[in-house]
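For reference, the structure is listed below as structure tokens.
Chain nomenclature is as follows: A, B and C, assigned in order of appearance, with residue numbering initiated at 1 for each chain independently.
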Amino acid sequence: MQTIFSIGVDALAYGMVLFVISIGLSVTMGLMRVVNLAHGAFAMIGGYIASYAARDLGLAYALAVLLAVAGTILIAIPIERFLYRRIYGQPELTQVLMTIGITFCVIGIANYVFGPTLKTIPTPDALREPVSLGFRTVSAHRLFVIGCGAAVALGLWYFIERTAFGVKLRAAVDNAAMAAALGVRTEIVYAVSFAVAVGLAAFGGVVGAELLPIEPYYALRYMVTFLVVVSVGGAGSIPGALAACLLLGAIDTTGRYLMPEFGEFFFYLAVIAIVWLFPRGLAGRAK
Amino acid sequence: MALTTNSGAASLTGGRLTRDAIGVLAILAVAVLGYFLFPNNLALLTRITAIALLVLSLDLVTGYCGVATLGHAALFGAGAYGAGIAAAHFGITDPIAMLAAGILAGALAGLVSGAVVLRAHGLPQLVLSIAIIHLAHEAANKASGWTGGSDGLAGITPDALLGHWQFDLWGRTAYVFGIVLLVLAFVILRQIVRSPFGMLCRGIRQDPVRVRAMGGSVHGTLVKMYAISGAVAGAGGALNAISTQVVGLDSLSFTLSAEALVMLVLGGTGSLYGALIGTAAFMWFEDVVSAANPFHWLTIVGALLIAVVLFAPKGLYGSLAAVFERRGRKAP
Amino acid sequence: MSAIFDVRNLKKMFGGLAVTNDVSLAMAPGDRVALIGPNGAGKTTFVNLVTGNLLPDSGSVTLAGEDVTRLGPTPRVRRGLVRSFQVTRLFSEMTPEEHVALAILQREGRSGGMFSSHRAMPEVMDETHALLSRLGIAHLARHPVSEIAYGQQRLLELALALALKPRVLLLDEPAAGVPQSDTARIEQAIADLPADLAVLMIEHDMDLVFRFAKRVVVLAAGEIIFDGSPDAVTKDARVRQAYLGSYADARSVA
């Protein structure tokens, strides 16, 4: 019973981390129709910045998170301006090549600057203590991660459904040409969405660092995980992405608990099975 | 009217045959040159030959059929483990039989991964291809009884080739074996890509809806091409197993899949020459750079990819061919 | 006279809306039928149902006595139901010669051959060039399609359809987007179609319809409201209502 409960909490936390990191990818893919393989690299950059700020500079956790998000966005702006804009509307193969090239570069540079070892992000004491729920105790960190995921989901939902920017965003996702004709400045929508996506990735990379440890091959190791969330959940769909993340989190965590010796085998098998069953995504509208 | 065009067709077919002959001669010339220039580095040259088969095989699927895949090393690895397991566990040590085992394993892997990958389109297709290579890697790692796991599969000792030529320490036999294999594959693939089947594949890449409206089977054709591609990649894997006498998990890696794609794009997709030129250029470059500074290799591959996308989207061969075509048009 | 192509009570709903409602249409070999209708009448849906790109909710499509309602597009083509596209769909990097040769080989079930070349098959090359000559584009046989004019691409579409030796041919606005100077060639090519072929043309251009069709079928709001001779169609009250009704309404509102 305790095991099932632990698996449940861990799976939920893992799913939420996946959600925070991948939702930006989902929105930008729905918006810009770019197959972006480098999204995980931005989460990794966030993790490295936070680790440097909190561990090496001794800054407070909250400040490290903020610095990570801001720093990652700052790094991403020139990359978007000079590299991504060249591949909007290009064939899929071109987009794959460009974004995998970016990923390789980021991995190589991270390996050079920070070395091949795992980087930890020291968390505040409050997050390290177990919390009693009355009938069970859970790690405060897991609760924090789950809370972050829920907050991001709600915040995004509000942002997209209830704000003027959200209206423009939805219009551009539906039909960019039409939105542009109606006076929506799509390049601004693109730039803002890209920044938000990258910022969320960095945020997810930091708060999820205990579940998805920061090391140079992070960007490659979890590439398929983030991509499968989008292809299963459907590009641009928040509920779809949430459902996909919780499903994948459950599969991965259960596999690790019950059959650790098989590593990721069952996870990849599940990925193939899910995409095989839903080649157009759970909602049936993935591009 | 019909008569004159037909004689034109005949001479054009002749022209293509001449071009194939030139291609074969060029491969042989480069091979002989390599043999005499780098007599101490034949192992690397053989490795390049094996990878060239992988990249040719990827070109069939990506360049000719338009399927973007990041999991093609699964076919190469299947060939390598197929040949290696045949030798290490079943005592099949005749190199030709090992090659056959590799080709068969590769074709089977091609059939299976083709059937899986072609189930979806676009991003989900890419996800499937990545998941396949990771799954194959994990499976090979787990089945260490058969594959040697992360230590690699050792105990592969191929017999003398055709009972005559021992696989020597300098790798001469392996090199000649590899070059013969590459030339054979090249000639067969040149024929296949210009056959009606090859034409159908090119048609599918350009407009699958049109192919269906002509009564053509898109899925069946692509799966067939995937199996052929698997056989070619499997031959490359088998060559690698025979020449190095060991099979490692790296032959089933995502990195190898991605690098094969880089080589193909560097040379130029949709042309067998592009695949060969891309492989040779990339592998040579890798050798030079990683000897100088192994730490930066991945960064450089990434930068190379970005540069190709930005400045030479047609690849080395494609860009050169375009230049010559423009000149050829101006000249007369 | 037995029907080569027989559509019966075809019905397709999108949401709550019947886009194709109880449509029946039969054609005999040699028929020349034009399908017309105002925008949004359901012509595209009808074509998709007939060619197998959409499955109907009810009703049947019969081809030469065989029920093909549940078959996909490819098997229907193989049974002789061939279509052309409203917007040209060709292989931009291939030549007209390769297009037609591929269609011929496809028809003969030889398109899977790996150890031959169409250029080494005299019978295929002869047929290809005969067909291209018939449509007046033989001189372009070896130019990539991306380099030839749109009107000539439309002719190549026709050549492709003919190379498949159809029994029933669906022409989806064959002259759409073609400059005035080239329409005569296309019309001529349509007039020269084999006499025993059943042709269903979807068309907006009424001049073309009257010159081509022996019979006109009018689709409006998913239903067939007229099926008769070209002479009678302009006098039919329901047809006038369907085409002019919206204008009349607009005027009364204004």
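The definition used in the following text is that a residue touches a chain if its C-beta (ideal position, glycine included) is under 8 Å from a C-beta of that chain, and two chains touch if they have at least 3 such contacts.
In this text the structure is predicted, and so the values were computed from the model without any measurement.
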| item | value |
| --- | --- |
| Centre-most chain [mean C-alpha coordinates] | B |
| Most distant chain from chain C, judged by the mean position of its C-alpha atoms | A |
| For chain B paired with chain C, centre-to-centre distance based on mean C-alpha positions, whole Å | 42 |
| Where chain A and chain B are represented by their mean Cα positions, the distance between them in whole Å | 34 |
| Centre-to-centre distance between chain C and chain A (centres being mean Cα positions), rounded to whole Å | 48 |
| Sequence positions of chain C contacting 2 or more other chains | none |
| List of chain C residues in touch with chain B within their complex | 51, 73-74, 77-78, 82-83, 85, 89-94, 98, 101-103, 105-107, 110-120, 122, 125-126, 129-130, 133, 138, 141, 160, 164 |
| Residue numbers on chain B that touch chain C, as the complex places them | 1-2, 5-6, 9-10, 12-13, 191-192, 194-200, 202-203, 206-207, 209-210, 212-217, 221, 224 |
| Of chain B, residues touching chain A in the complex | 62, 68, 70, 116, 119-124, 126-128, 130-132, 134-135, 138-139, 141-142, 254-255, 258, 261-262, 265, 269, 295-306, 308-310, 313 |
| Contacting residues of chain A [partner chain B, same complex] | 29, 35, 83, 86-87, 92-94, 96-98, 100-109, 111-112, 220, 223-224, 227-228, 230-232, 235, 261-265, 268-269, 271-272, 275-276, 279-281, 286-287 |
